[in-house]
Structures are given as C-alpha cells and as structure tokens.
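For reference, the structures are reproduced in the following blocks.
Each of the next two complexes has chain A plus one more chain, namely chain B in the first and chain C in the second.
Let's look at the complex of A and B:
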C-alpha cells in the first residue's frame, strides 16, 4: 500500500479518487516553476524578427519556458503567437503593432522574438517562467 | 479554527506572509490554491499528426513544445506558429499533435472545462 500525503479541495473528500478534487496529492508530480523573472526589451521601429536572449543559467537540462508580454503604458498582456491588440472590431478584426512571435529555450538561453510594425520604437516588458525539463 | 498547511519558499516567513507566490504549498481552507498535477509526459516524433491517448474523459490542461532546431524548443499553441506549422488540439480522449518533427508534451490531471 502506498503512503500518500494529500490535501483535498474545499468541500471535497480526501478519499476521492478524482485527481481534480485535490490541491496536492503526493502520487502525482506537482509541476514546478523553477524560476520566474522579468526582462524589458526595446524593439526597433518598423522591424520584423527581432530576437532577444537571456541566459537561463540552468546547466543540467533545457527548461520549458512560458512567457507573457506587455507593452509599456498599455494594460493588455499578450502571448507568443499573438499581438498587442490596440483596437478590435467585427469588421476590422484584431489590430496591433507588436507581434510576439515566439518564446524558445536552448541549453543556454531563452529566446524571445518580436515584430514591431510601428514607425516608433517600443518598450516591452516580458514575464517568463522556467518550468521543468523538456 | 481554520486548519492551515503552509510550506514557504526560502526567505519567506510562513507565519506572516500571505502572498501565495511565496509558498510551495498554501492551504488555508478559504481559497483553493491548486497545484497542477502531472499525468504523463514524453518526447515523440510526429509526421503530419499524432494522437496521444490520455483517456481521462474530460479535457485536461496540457503543455506542448516543439524542437524547431537542434536543441531549441518552442512553445506550441492551438494555432500554427508562422513558419513552423505546429499546433495541437485536445479532447476528452486524445491530445493531437499537428506538424512534423519532435514534440514534447505534458498532460495534467487538471480539468480545463
């Protein structure tokens, strides 16, 4: 018989067999955020495919990475494969100047890639989370 | 009396701190700060598409990444990333990886619908 440590959600039984009923259950790996940080980058005007790197300093494995971006002075957060939405509408669709093309990781670095369609430079703040190994 | 279980991260006081970001485990019987629970993960080769059975009967939270060049991994979303063409879909039975190349996925027990 397994020795188990488990913490049930409010209103749920600790004897439940549904993993969704638990805040924590020692038989299941709790997915871990290894590191969380922010990085501010300045995008060149009217330039696509701008990459920025940040050393992750994890020497033993390539971490999965998840990231969120926000243009300075604006409220919306946007994800990789998306853009900062300045305006939107049924006919116009989504309109924005900055596209967060992707976030990637390799054995040494995290790579953030953007397009800036604006005629002005733009400052973008990125919050990123390094997760467990690939 | 409220029953509390807290495990603080290094440098934080479990008795006085109330920011859930400062805890590995925070249970106070008032809010469910759920820790996501991993069901399975693997790195697989995909040509066109590939179904990964999870058989949970509901749609679980998952994360998908693709190796876009040797040793470089990029997060995949539910629509194709320009220039790569990778995406994924998930239902109550399968995670469907779409694209060609090496994918890494993690499926969690935590339901999203």
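Let's look at the complex of A and C:
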C-alpha cells in the first residue's frame, strides 16, 4: 500500500479514487515552475519574423516554456500563435498589428518570434514561465 | 600537521544573493544575472578547532555543482573578518571582509562534479591571526564578483539541497600547544537524516568539554515531498520531488466552457464568444478548442490548439485575456457552406501574469 499525502477539495472525500477530487495528491506530480520572468522587447516597424533571445541559465535540459505577451498601452494579453486581436467583426477575420508567432527553447536560450505589421515600432512585454524537466 | 575538514552543517550556514538573500534554497549561486546584478554566496563553517597562532599551510573550499553551465564565472573568495561569525539568517554581505582574497575562475561546471578552489590559506590565516580568535569559533567565507559577464551563474549544492554535497572547507595547519590541536574533536559526519546527526553526539570524546557540540539542526522552512525512491533530505532536484515549496506551481482556479458558431452559408468567416472571470488582473490561462462542422456532438475534426484544416478549409482559433474576461475567436479560411462550431475549454489559473 502506498503512503500518500492527499488534500481533497472542499466537499470531496479524501478516500476518493478520482484525482480530480484532490487539490494535492502525492502520487501525482505538480508541474513546478523553475523560473518566471518578464522580458520587454521593441519590435521594428513593418517587419516580420523578428526573433529575440533570452538565456535561460538552465543548462541541464531544454525547458518547456509558456509565454504571454502584452503590447504597451493595450489592455489585453495575447499568446504564441496568436494576434494582438483588437478588431473583430461578425463577418471579419482576426485583425491585429502584432503576431506572436512562437516561443521556443534550446539548450541555452528561449526564443520569442513576432511579426509587426504596423508602420510604427511597438514595445511588447513578455511574461514567461520555465517548467521543470519532463 | 593537523587538519580541519567540515561541510556546512545547517541550513542557515549558507545562502546566496540574487536580488534577495536566500538561505533555504537547494543550491547557491555565484555569477551575474542577465541585468548585471552580482549573485554571491556565503558559507559558514562551525567549530573550527584551530588554535590562535597556528600556521595555515593550505586551505581549500570545495563546491559541488548542482547544474551544468557552460560559461565562465570569475569571482573572489574573501573571509568574513570576524572572530566568531554569526549564521546567515540575514544577508552577510555588509559584514567586514578580509583584506586577503583569492581569485577563482571556473570556465564551466558539470553537475555532480566537485570543484576545489585555489589555495585560500591567506584568507584563513588572516582570520586566525585576529587578536581575539579562539579555537572552536565559526568561520565564514563569502564570494565577490571578479569580472563575470552578465547572465552567467554557476550553481552549487547548498545544505538544504544536500547535507553531503554542500560546501566543504579543508584547512591544513601546524603549530600551537593547545589540547584541541592534539586531539581535534571529530567532525560531525553529515548524515542522511536529522535524527542521525543528533544521535551521533554521545559518541563524541571528552574533547566535547572544550569544543562546542555540533550545532543543533536548524528547522527547515518549507515542504518537500519526494517521488518514490528518493530521499527527501538529500535532494532539491525538482524532477525528484512531487512537491517542493522552493518552486511555484500553477494555482488552478476554474474551468470555463463556451461554444460559438459561424454560418459560412450566410457569409460568416469568423465568430466570437467570451467567458468572464473576476480576478481583476491578467491571469495565466490555458485554452483548448475542438472544432466541429455543424453542432457539437457531430464528429469533431480534432482537438485544436489554434489551427487545423479539413480537406479544403483551414480553421484557426485565438483568444485574448483581459482583467475581466477571456475573449475567444474562431475563423475559417476557404470555401464552405456549413455551420462551424468552436467548442472552447478554458482553464483559468490564479497566477497573475503581472503584465
């Protein structure tokens, strides 16, 4: 029999066999955030495929990265593979000046890639999370 | 010649500064962060049974790397210029440092490899030669930057990461007629559990009367739960822990769902919906979407983190996060005469993106 530490959700039994009934269960890993930080970048005007790198200082593995972006002055956050959606009509497509093409990582760096379709430069703040080795 | 050899022996006897003083981490760091801020470490060794007047013939600080790094870190080792330095419950960088220092440069480090400093006998000698030094005092060392480039940090085991891999100080010395130098009290053997280190004290020789007994075990301020097969007292490696209070986790808040539709036969190519939250900040969000032609319940194309395609039609989904809602979008690209449904599942976490 396993020795476990379990914390059930309010209203759920600690004897439940459904992992969804637990806030914490020591038989299941919690996905640990080994680092979180913010990086601010300035996108060139009217330029696609702009990459920015950030050393992650985790040299023992290539970390999974989760990232979110916010253009300075706007009141919403967007994400990799997405636009800074600011105009949307019932019969219109997704419109935005900035595309957060992707976030990637290699043994040394995190890479953030953007398009900026605007004729102006744009400052973007990126919040990223590095996750434990999987 | 006699030798003193001992590791850091409590959690408050090592630590490092990386924007704030951290004395309960599993590792310590030396180098510079990406903004150029100096990251420094300090180590305190208990019960240094070297009598006043002794001559230090050699001394070495040994650090075992906890992670691989491939870039050069250059630093100096100073002593803390005090007779009996206190523990590092607070940042010790403001304490007086020895005039003597020794440069140490590491081109790269490999995890689980122990690195030995250059000879730091001048640093140790300066402390022993203080007029009021006494055998059995506690001695501190602290690093200082010596030209490391930005964003280069080496990490080494701290006591809280491993009591058997944390910093080790070896001092070889001669001189003095003190009984302590003839029969130095045994170094406490780092043990696998706290209870063992306590129970070892009855085995100490009569020199116990002139030598402070090993420091009591400091409390561990945190919670670690190891995966099966790992000793929770010997690892700070997050991959070996189910849970560690040294690391953040995503704080699940709620699951929200919504389905939005577009009628391509009516000329729509996009649709929009939203779910609300009341957090008042931009939360960490994960979104999954399933795309159907027709109503949910029909055969779905696939789970779709944001893009996919059928035979002639591509479809995309997107979302944006505000302080009160998650707005969800679906669109198709290509010729279609069908109704499309985008079924979104939104997981909202309480983690604040602080953007």
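Note that the second predicted complex is superposed on the first by the 133 of 134 C-alpha atoms of A that agree within 3 Å, B and C clash if a C-alpha of one lies under 4 Å from a C-alpha of the other, contacts with A are read in each partner's own complex, and residues count from 1 in each chain.
One rule holds for everything that comes next: contacts are C-beta pairs under 8 Å (C-beta built on N, C-alpha and C of every residue); 3 or more make two chains touch, one makes a residue touch a chain.
Since the model is a prediction, treat every value here as computed from it, not as a measurement.
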Chain B versus chain C as contact partner of A:60, first or second or both or neither: second
Partner chain in contact with A:101 - chain B first, chain C second, else both or neither: first
Chain B versus chain C as contact partner of A:22, first or second or both or neither: first
Partner chain in contact with A:123 - chain B first, chain C second, else both or neither: neither
Between chain B and chain C, more extensive residue contact with chain A: C
First, second, both or neither for A:10, with chain B first and chain C second: first
Partner chain(s) touched by A:34 [first = chain B, second = chain C, both, neither]: second
Partner chain in contact with A:81 - chain B first, chain C second, else both or neither: both
On chain A, the residue positions that both chain B and chain C contact, one per complex: 24, 28-31, 66, 79, 81, 132
Of all residues in chain B, those that touch chain A in their complex: 5, 25, 27, 29-30, 32-39, 43, 63, 65, 67-68, 71-75, 77, 79, 81-82, 104, 106, 108-111
Chain A contact footprint on chain C (complex, rising order): 34, 67-70, 111, 151-153, 225, 227-228, 238-239, 241-244, 247-250, 267-272, 282, 284, 305-307, 316, 318-323, 327, 329, 331, 333, 353-355
Touching residues on chain A, where the partner in the complex is chain B: 7, 9-10, 19-20, 22-25, 28-31, 62, 64-66, 79-81, 101-107, 111, 131-132, 134
Residues on chain A engaged by chain C in the complex (per definition of touch): 2, 5, 24, 26-34, 36, 38, 54-55, 57-60, 66, 68-70, 75-79, 81-85, 88-94, 108, 125, 127, 129, 132-133
